[in-house]
Amino acid sequence: AGGGNAPADNGQASGQAPAEQKEEPAVKKRIALVLPEKIGVNPFFQQMDDGAKKAAEELGAELKTIESTDYGAIEENLRVAVAEQYDLIITSSFESEDALKKVAAENPDRNFAIIDTVIDLPNVRSVTFREQEAAYLMGAAAGLATKTNKVGMVVAMDIPLLKKWTGGFSEGLKATNPNAEFIVNYVGSFTDPAKAKELALLQASQGADFINGAAAVGDLGVFEAAKEKGFYTAGQDVDRTVIDPEHIVLSQLKGTDAAAYETVKSFVEGTFQPGVVTYGLKEKGVGVTYITHDSATPLHAFIGQEVVDKVKAINEEIVAGTRKVPESF
Amino acid sequence: MEWLDWSLVSSTIRMVTPILLAALGGALCSRVGIFNVGLEGLVLVGAFAAIVGNHFTGSLFLAVLFAAAASVLFSLLFSYMTIGLKANEIVVGVAINFLALGLTTFALRAVFDVKGAFYDKDMAGLPRLEIPLIHDIPVLGEIVSGHSPLVYLAFLASILLYIFFYRTVTGFRVLAVGMNPVAARSLGLKTTRLQVMAILLCGVLCGVAGAQLSLGQVTMFTEGMTAGRGFIALVAMMMGQSHPLGILASSLLFGFMDALSIRLQGFSLPTQFTSMLPYVLTIVAMFFLKDKNGGASSNQQSAR
Amino acid sequence: MVAVKELCKSLVQPLLAVIIGLLTGALVIAAVGESIIGTYQEMWKGAFGNFYFFSSTLARATPIMLIALGLALAFRAGVFNLGAEGQMVLGAISATLVAIYLPAPGIVKILAALVTGIVAGGLWSLMAGYMEAKFRIPLLISTLLLNYIAVLFASYLVSDPFQDKSGSAALAQTVMLEKGAWLPKLFAGMSVHSGFIIAIVAALLLFWVIRFTPFGYEVKMLGHNPFFAQYGGIHRIKVMLTGMFASGAFAGLAGTVEVLGAHYRFVDGALTVPNFAWTGLMATLLANSNPIGVIFTSILLAAFQTGAMGVERNTEVPLELASVIQAVLILFISARFSYSWWKQRKKKGGESHGVA
Amino acid sequence: MAHRLEMREMTKKYGDFTANDKVSITLGAGEVHAIVGENGAGKTTLMRMLYGMEQPTSGEIVLNGKPVAFRGPNDAIQHGIGMVHQHFMLFGEFSVAENIVIGYEPRKSGFFLRKDAAAKVRELSKQYRIPVNPQALVANCSIGEQQRVEILKVLYQGADIIVLDEPTAVLTPLEVKDLLQTIRNLAESGKSVILITHKLQEVMEVADRITVLRGGKVTGSVAKDQTNVDDLARLMVGRELQQLSERLPLDGKPLLQVENLTVRDKQSLLDQVSFTVHHGEIVGIAGVSGNGQSELLQAISGLRNIQDGTIRLSGVDVTNQSVAKVRETGLSHIPEDRYLWGTAKQESVEENALMGYQRKPAYYRRGVILRDAFRRVVQEWVNRFAIKTGSKQLNEQAGNLSGGNLQKLIVARELGHETPFLMAAEPTRGVDIGAMEYIHQALIEKRNSGDGILLVSSELSEIMALSDRILVMYKGRIAGELSRAEATEEKISVLMAGGSVHGSSQRAV
């Protein structure tokens, strides 16, 4: 394939949208979404794919999703996407950082976007989330709602990435209920609901009445344990309360789909800009059901309106900047 | 004893069941001279088939049967490749693991149109058996009663397998084939048939192990939900020297060490170290078992 | 004349196997209603389609090949090492740390890192060998268990003490190596790096050692009959430990070149998720522990992977299916198809379960 | 009398090599038929065809007047043919009774009735007067007992025709006597026995008919009373046997000095063993196997650590040194079990021959083994010892060589080291008389050239023929020493059984 498009692309990247809009209807914009792993156990990528697909469909662009089998495949897939002349290449996550840094630097005339982390290059748009803020709200709600003063969390793995969840949660918990005991257990795998369930059962037997799931697909195991033992739980990323409103009383939300949607949309509409966009509570890019976002299910009595109101207040403080949630832990 | 309460013991028993079943299956293979590294894949296939069976028939009994049948099908492939086509058993085992992961992931999408996990909160899992009298005894009841039938089956299986090996004619011949294949053949024993039978039986056990995982411990299927249990089963099998009761002991040993490591997570040690614990302690345990080593593993040494 | 005949005979088996594997794969593809030819074409393109893809295949083959070579030596000595994964990871992390923290010019860093990787992988493997020799802890068990320990330990190192704390610090990884410590790429813009050359040289060297040197002879004899070897004056433990060290060293080297040549930092999980260790094991077994054969089987297995990636990128065949096809192909190339197999097929029924 | 078995014009080819060439034999009920012949003559091959383990290239087997074809041992067993292999087919970790009934286990609804099995074995053992302990683990049984297990197994399987392939090669003289008696008993009770052996004395003692094979062909088939040992030997070897060279009188310096050698492994295996081998001397060690000979060989060669005592070779202390060190100091060693210690069966003749030479300066330069130079040497050994290597010559798998030829290869390899000291354990086990003569001659020549030899053999005739001095081992100790002049078979036998002999010169050390 020839590199004839390069000058046009260049113009587009520097934001000369009107000029380019004219010739556009003839040729569909081609967008590649290169995922750093398989869509599967991590709903995060499914959401991203959905969001991008939705935008592409609505706006008449062509979208190709490429899943990477492993770390080494990411760079390869990015390079191939460049070679195949996609107009915009979107990727995601920390795992893709190194690969994109290389590929984007080598191809300064092409457009890239990365979701969930920051790359400081003139041709890359970065979209990030401040999950710890939502986790903080979650912890705050848990601290207020717990009757036993014991709160648990089942986490996939003890890795830095997930510290945003455990750290934010723990800070929020301390803020509303300094006496509450926080029990954390790690599954050691993203794909082990059986062990996640056993860990939740153990935490319940130790007296936790609210156990937050952050074990990727293992959350399903935590939910099942909740159903069996009657404690309360919460899920991640999307509104999980619909699965079992009796026991899943909250969900921590992350608008990956919106981020992908917006990225595709801005590109097709010609407003695509390099630089950093972050989504936190303020931008409503992350949140917690009932507090920042509505839920399809009615509020459970375990949380109760009183708690919701108190946490809403905390949310406002964070949005206003009067209450600080640490960046890292 | 705050950090080693009885619910932990009961949890250990549940967690160890799939490992125990798969290890017993592995032992059957190793007793006929075949080192089966495909346990992980066989269990995974069983786990998936159990959910499919349950979903479409609504019968838990049929679901377990379905799980066993699916794993047996894979075992059939394993035995055809290794015995029929004389392929290297380790290559076939590894390929079976890859194949199982790929096929179940693919079928998850094809059958249920979901990626990653299939969870239906209305699907009934295996029932918990409350053993009448024992259930009311304080500690014992908590530990022994209230598990899925497959848990009891697993423990029963190790005893049955013991009886099979050391009391029945066919079991005796199976042992003979593994001990000295040349002599067994020269006696006109049907070595191939015995080997295939052992491999298929291994499939049954692995299938049941999968069913326990996806219908007993949880009620769902997720991609790669075996999470390395097949390899732990392999270790348990070798440590137990392919002896059914030895495997029972080594599986429990590993299970308890795993439980212990969970309890230690609360303390200030980095999780990586607590997670290491079961493996480290297993190696330490080997120091004390050293006198009895050799038997089962010596013929695997020359697997080439 | 005889040699040609022998060669043909030895080629029949793998060829038949590949054909049967492709046919089976075709069944799978047809079953989901995709184009068989189209899928295989993409597979071929993804692996060998043009120089770029070929070079990616070679890059992917590099760690597989090195691991396979180490295992080849161990297997020849009759030692079954299942611990390549741990040895690779431990070698890689040690080498990375040296490459980062050793205050020296780039080339020295590279050399020091290579040596460290080799030694770390070797020592870890040696430990298993020592436990077998001294305490009779079966290698098969200890190597398998040591994998978990090594991987967890490396994970600890990069998620706490040696973590890259710059930026988001969200990943368990070390900081990036400085450019001088990168193994050079063989061609600009292509992923294959000088690690591939190292692997090829290692294969030739190993072939020479096994074929022509006393050590190679001793390894071979030990593998065939340890009693005979001992009786003949071969120091069983010494050769076994050497074999273990060497196989671990190769695995450590594999991890090291992957870091120095491709990732430029140690990322938790980046070496374990692609299953290099098990793939390397298969490459060895398929090549019957022959170092020259290992070159080809490693490239073949790597091609299955890059080919599957090509299928994923350019067809509607889902990724899972690509991995199914890959597994099916591996399954069949391990089979011993031969003339006798055909003969056996034909007279099946009559001769059922006699003496094999 | 109708023949029970006829084998007509049996031919077996391995590739281009003809192992059996139109061999015909007949066997009547109650007959003991001996088959003798050189190593590699095709005796085992013939029997493997009879037992269904090999398919004949051509030929016919007629059993009780009906032609039969066996697809496997199972078929043969069903037709009443049983075989005791040259190398036992036993399961070490099973009991004697289990080994005997395997394949035809007494059972009740699938369960193995082990008590019945033991009872049946006891009964069978009494009926044929073949004593065994049904409960014992086979691994713990002596070789002789293992062989009885094999014979009982065949009888249990209902065999009328029993094939014994070199059954006496591994037995002690006493066990041989018992076995020959057993064979006679079996024949009397109507069984037919085919006996393969290299020991013509035994043949004359027990056989009714004798068939001689050479180069895959029958060279003669005679009734016992029409022949004698010398005729048979001539038929076998195709020439007259020669007398051993004269032994030169030599009075050499001490070469191997063993003092207070003690080996323990839970129980005591060697207890304060002391002796010396001089240059130009063959010291024979007689004894029933299992009395410490194996441990002694292993201790001297460095394969086993000793708990107490010293071993000096050519004046160098080699106590608890590695095998390599001991060999370097001047040891070569013909091992007692050629398959366990002496070869790698899957490897070629050449690779097997190379063992121990791979680092010798003559064959090793600049890190590389000099294959061409070495191959010439091996070829010479093959020619000199008349080793039949089969069609692939030096590339033939060692495991495909007949037992005796393999033994010759090992002897050639060890003699080739030209060390001052040779340890020869059962050097002629399983080799034909021609080869035996050759090996004996080679040992004598080595002695005459001033080297020392420690000869361990369960074959009394061999010990007596070769040794300058004879030590008898009993229960891990040296029970007595006899000079060549004073040694008689009787005296040695008494010592071997734990008795004492007056007038045995106690020239210890």
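As written, the chains take the letters A, B, C and D, and residue 1 is the first residue of each chain.
By definition in this document, contacts are C-beta pairs under 8 Å (C-beta built on N, C-alpha and C of every residue); 3 or more make two chains touch, one makes a residue touch a chain.
Chains and their UniProt names: B, C = ABC transporter permease; D = ABC transporter ATP-binding protein.
What you see is a predicted model, and the numbers here were worked out from it, not measured in a lab.
When chain centres are defined as mean Cα coordinates, A lies farthest from subunit D.
Distance between chain centres (mean CA atoms), subunit A to subunit D: 77 Å.
Between the CA-based centres of subunit A and subunit C (ABC transporter permease) the separation comes to 35 Å, rounded to the whole angstrom. Between the Cα centres of subunit C (ABC transporter permease) and subunit D there is a gap of 45 Å. Residue numbers of subunit D whose C-beta contacts span two or more other chains: 53, 72-74. Looking at subunit A, one finds that residues 38, 158 touch two or more other chains.
In subunit C (ABC transporter permease), the residues that reach two or more other chains under the touch definition are 155, 159, 320, 323, 355. By the definition of touch given earlier, these chain pairs are in contact: A-B, A-C, B-C, B-D, C-D. Touching subunit B (ABC transporter permease) in their complex are the following residues of subunit C (ABC transporter permease): 32, 75, 78-80, 131, 135-142, 144-146, 148-149, 152-153, 155-156, 159-160, 223, 278, 281-282, 285-286, 289, 318, 320-321, 323-324, 326-328, 330-331, 334-337, 341, 353, 355-356. Interface residues of subunit B (ABC transporter permease), counted against subunit A in their complex, comprise 5, 7-8, 11, 14-15, 105, 115-117, 119, 121, 213, 217-220, 222-225, 227-228, 262, 265-266, 270-272, 275. Looking at the complex, you find that subunit A touches subunit C (ABC transporter permease) at residues 38, 64, 66-73, 75-77, 79-80, 83, 94-95, 97-98, 106, 117-118, 128, 158-161, 164, 328.
Residue ranges on subunit C (ABC transporter permease) touching subunit A, taken from their complex, read 52, 56, 59-60, 155, 159, 163, 167-172, 176, 189, 191, 258, 262-265, 267-270, 273-274, 305-306, 308-309, 312-313, 319-320, 323. Across the complex, subunit B (ABC transporter permease) meets subunit D through its residues 167-173, 175-176, 179-180, 182-183, 185-189.
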